[in-house]
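As C-alpha cells, here come the structures.
Shared between the two complexes below is chain A, which has chain B as its partner in the first and chain C in the second.
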Partner chain A sequence: MRVEVDVPKCVGSGQCVMIAPDVFDQREEDGIVVLLNDRPPAELHADVEESAVVCPAAAIRVVEK
Partner chain B sequence: MKQVVVVGASAAGLAAAETLRREGYEGTITLIGDEPYHPYDRPPLSKQILGRQWEADRVPLRAPADLDGLGLDLRLGTAATGLDLAGRTVALADGARVPYDGLVIATGVRPRRLPGDGGERAHVLRTLDDALALRDRLVPGRRLVVVGAGFLGAEAAAVARGLGVEVTLLEPTPVPLAPAVGERVGRMLAEAHHDHGVDLRTGVTVAEVADGGVRLADGTLVEADEVLVAIGSVPNTDWLEGSGLTLGNGLECDEYSAAAPGVYGAGDVARWHNPLFGTAMRIEHRTNATEQGMAVARNLLRPDARKPFAPVPYFWSDQYDFRIQAYGLLRGHEEVTVVEGALEERKFLAVYRSGDRVAGVLAVGMPPKALRTWRQAVATRAAWRDAVGELVPEGA
Partner chain C sequence: MTETLAETTAQAEEPLAEFPMPRAAGCPFDPPPATRVLQNERPIAKVRLWDGSTPWLVTRHADQRALLGDPRVSSDPLVPGFPHPNEGFRENSKRRRTFLGMDDPEHARIRRMVTAPFAIKRVEALRPDIQKITDDLIDAMLAGPTPVDLVRAFALPLPSLVICRLLGVPYEDHDFFQKNSSVLINMASSVEDVVRANEALTDYLDNLVAAKLADPADDMLSELAARVRAGELTQREAANMGVLLLIAGHETTANMIALGTVALLEHPDQLAVLRETDDPKAVARAVEELLRYLSIVHNGRRRVALEDIEVGGETIRAGDGIILHTGTGNWDAEVFPEPERLDISRDARRHMAFGFGVHQCLGQPLARLELQVVYSTLYRRIPTLRLATGLDQLPFKHDGAVYGVYELPVTW
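Moving on to the complex of A and B:
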C-alpha cells in the first residue's frame, strides 16, 4: 500500500491521527497532517483506509492497494 | 442483501457506499443525487472556493478512478421524490422506481429562505453552483449584506472582506453564536469582525430581501449590491412525507440511526439518539456526515451485531486568520472556562460543562495534543470536578 496526503486540503481535524497514529501525525503549530509512513505495513492497512474515508477534507488517498 | 439504495450523493452517502464495499458487500449500490456532480465537499465552498484560492476541480471527494472502483449505479441530477416502505422502492424524479432491500437516507438540508430572496442579487450558500454564483459578484468595493452571523455567514463575511468587499453582517441575537459557543467566545468572534472592518449589527431582525438591499423589521432599508442569506437550514425530508417514517426535526432515527427496519438515516438530515450524551441530536457538521454514513453501512450489513452510533461531534470553522475547532456537545452548556491561553489573544482552549460533566471543548490556535486530551475527557464523560474543578454557573 502507498498513501498520499494532499497537505493544502488538510483542515487539521486530527481524525487520521486518532485512527492510525503510526502513520499520521499533526504539526504542533497548526495541526496540519504529517505523513509518517507512506508505505504502511499490512497490519495497518485497514486503519489507513478508514482514515481516508473519515478524513473530513478528503486529503488522504490510498494510491496503491 | 443484494440491493442497497443510498439517497444523497454527498459526504454521508458516499461514506455509506464506500464502507459497504470496504466491508465486503458485493451487491448493487445505487447512489442517488439531485445535483449533477460527482460527490463533492461542501466546507471549502465558503472558504477556498468563495475566496478564489481553489477552482471547482478541487472539491470532488474522490478521484474519478477511485469512484469508478466502487462500482456504483450512480444516478446523478435526479432527485428522489417518494418512498414506498411496504413495497421497498424509491421513486425518482425521472420516473424510475428503484427497489432496495437496504436503504440509506442522506438527503441533507437546504438553506432556509427569506421573503423576496428569489432575485439574482440574493444568494444562499449550500451548493457548488451557489458558491460560484456568489463569488462572481464579490469584487472590490461591492456591498455585501450577510444575513445571519452563524458559522456560514461569519466565514463568508471573512472571505468577502479578504476580497475587498464592503460587508455588513446582520444578526438577530445580541451576541453571534452565543447559544453554540457561549457569550465570551461569541463576543471574541464579534470583535474579530469589527477588527476586520465588517459592519456587524446585532439585535437586528430582517423582514425581507428588497430592491436595493434588505428590509429590516422596523422598516429600515440596509443597502446592498448582493445579499447572502445564511439563516440556517431545513432538512430535506419532503420526499418522505406520507411514507410512514417519522419526520420531525429531520428524519427521526433510533440509537442505531435506524428509521425503520433496514432503513437508516445519515448526515445532516438525520436526528438520532446519541447514547454517549443521552440525548437526541441532529448535526450539520462535515465529520458527522462521514462517521454516520460509515456507521449505518455497518449496521445495515450486520443486523445481528448492530452498534449504537455514539460519536463525539467535531466541527471546525475558519474565520479571518484563525481556525476554531470543537469537540462534543456545546449547545445547552451551563458553564464555560478558559483553561489555556487567553480569549483576547485569540489563542485559547475553553471547556464546556453540562450538568456535572465535561460536555465539550473549543480551541483556537492550540496544539493538537491539547485538544485531543480534552476530546478524551468528553468521550469518557469525565466529571467536571475531576477535570476542571468546582462548578461555577455561567454569569456567576
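Moving on to the complex of A and C:
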C-alpha cells in the first residue's frame, strides 16, 4: 500500500492520528498532517483505509493497494 | 424533462413539512420520527422554515457526506438563500464573522491560527489535569447533599474549567459568560437578547485580548493577541474567535456529559460494561457511540449551494439552502446497523456528530478526551448514581441549538 496526503487540504482535525498514530502525525505549529510512513506495513492497512474514509477534508489517499 | 417539471410542480403544491420537526414524546434520544420517514421515502426533500423559506433537508449519511465535502456548498451565512435557524442567528451572522461562516481559502487561513492547541498530542498532555478536575468535582459532589443537579455541579463546570484554562479566561467570571452563552444558543431567545448577549461577550473577550496584548501569558488568547500585534487579525476578530471557542467549549461537552449520563442510566447493561472496563480503547469506542447516538447538534448543519449540484437523484440549484440533518444521518441503518440500539461496543467512527468536511469541529480531540475521562470515572466513583426524578420529568433542550437537559437531578 502507498499513501499520500494533500497537505493544503488538511484541517487538522487529528482523526488520522487518532486512528493510525504510526502512520500520521501533526505539525507542532498548526496541527496539520505529517505523513510518517507512506508505505505502512500490512497490519496497519485497515487503519489507514479507515483514516482515509473518516478524514473530513478528504486529504488522505491510498494510491496503490 | 417534462416529468421532472411535473414532479417539481406537484411537490411545490403539496404543503411542505415544517422544520425543525418535533421529537416523539417519550423518545428523548431518537431523532424526530418525521426525519426518519423522510430518510426512507424522500432523503432529499424541501422543507419550510420559520421565515417561509424552503431549503432542502438532507437525511442520508452518504448524501450528507457528499454535500459537506463539496466545495460548491458554502457555509457563508451572508450568501442569499442561506437557511438561518431563526432571526437572532441571522442578525448575529452580520455582526460576528468567524471562520465557521467562511469558505476556503479564507476559512483555512483563519482556522489554522487556532488549530495547534487542539492537536492530538497537545490535548493528550492535558489528561492528568482533566482527570484531576474531574476527581475534584466528584469529591465536592460526594461531600454535599443529594439530590444534586449534575449539570451545575459537574457537567458544566468541567468543560468550563478546561476551556477557561486553555483560553486564559478567568473562571471566576463563569456566571457571566455561561449566562450569555446560553442565551446565544437558545432558539427561543429574542433578537434583542441575542444581540445584547453577543455584544457583552465580545466586549468581554475584547478586553481580555487587550490585557493579553499588554501582558501575555501561556494561553490561546495570548497567541491570538500576538497575531493582532503581527497585523494578521484585528483585535475585534480575535475577540470574535475567543467568543466562538468559549461557547463551543462549554455547551457541547457539558450536554454530552449530562445527556450521555441519562442515556447510560436508561441502558444499565451498557453502563455496566463501561463501569467495569479497564481498556482505554473500549472507553474510546463508547465515546464514539454516544456521540453518534445522541448527536447533540440536533437541528442540522446549514449551508447554501453556490452552483447547481446533482445529488441523490435531486438537483439542488445555486442559491438553494441546504440543511444536513446529521443526527438522522447518524441513525442511517446503511452505515450503522440497528441504529436505534445504543451499543457501546460498535465501531461508530463514521458518525458525523462533529460534522464533516472542512468545518468539522476543531475541538474534537479535546471533547473526546474530556468524555473519555468523565465516562471512565464518574460511574465508577459513584456506582449507585441514579435519576432523582422520572425520565419524563427531565427538561430536555428541544429549543436549543445543542440538545441536552437543562437540569439533571441525581442521587446515589
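Here are some notes:
Operating definition for what follows: the second predicted complex is superposed on the first by the 65 of 65 C-alpha atoms of A that agree within 3 Å, B and C clash if a C-alpha of one lies under 4 Å from a C-alpha of the other, contacts with A are read in each partner's own complex, and residues count from 1 in each chain.
Here is the rule we go by: a contact is a pair of C-beta atoms (placed from the backbone, for glycine too) under 8 Å apart; a residue touches a chain by one contact, two chains touch by 3 or more.
Keep in mind that this is a model prediction, so the values were computed, not measured.
Taken together in the superposed arrangement on chain A, chain B and chain C clash. Legend: residue contacts after superposition of the two complexes on their common chain; A:E28 is shown touching both chain B and chain C.
In the superposition on chain A, A:E49 contacts chain B only, with no contact to chain C.
By the touch criterion stated above, A:A58 is placed in contact with chain B and with chain C alike. By the document's definition of touching, of the two partners only chain C reaches A:I19; chain B does not. Overlaid on A, the two complexes show chain B and chain C touching the same residues of chain A, namely 9, 11-15, 17-18, 26-31, 50, 53-54, 56-58. Those residues of chain B lying in contact with chain A across their complex are 11, 15, 18-19, 22, 41, 43, 58, 61-63, 66, 286-287, 290-291, 294, 314, 316, 323, 325, 367-369, 371-372. Chain A meets chain B in the complex at residues 9, 11-15, 17-18, 26-31, 49-50, 53-54, 56-58, 61. By the touch criterion given at the top, residues 68-69, 108, 111-112, 115-116, 118-121, 349-350, 354-362, 364-365, 368 of chain C touch chain A in their complex. Taken together, the chain A residues at the contact with chain C in this complex read 8-9, 11-15, 17-19, 21, 26-32, 50, 53-54, 56-58.
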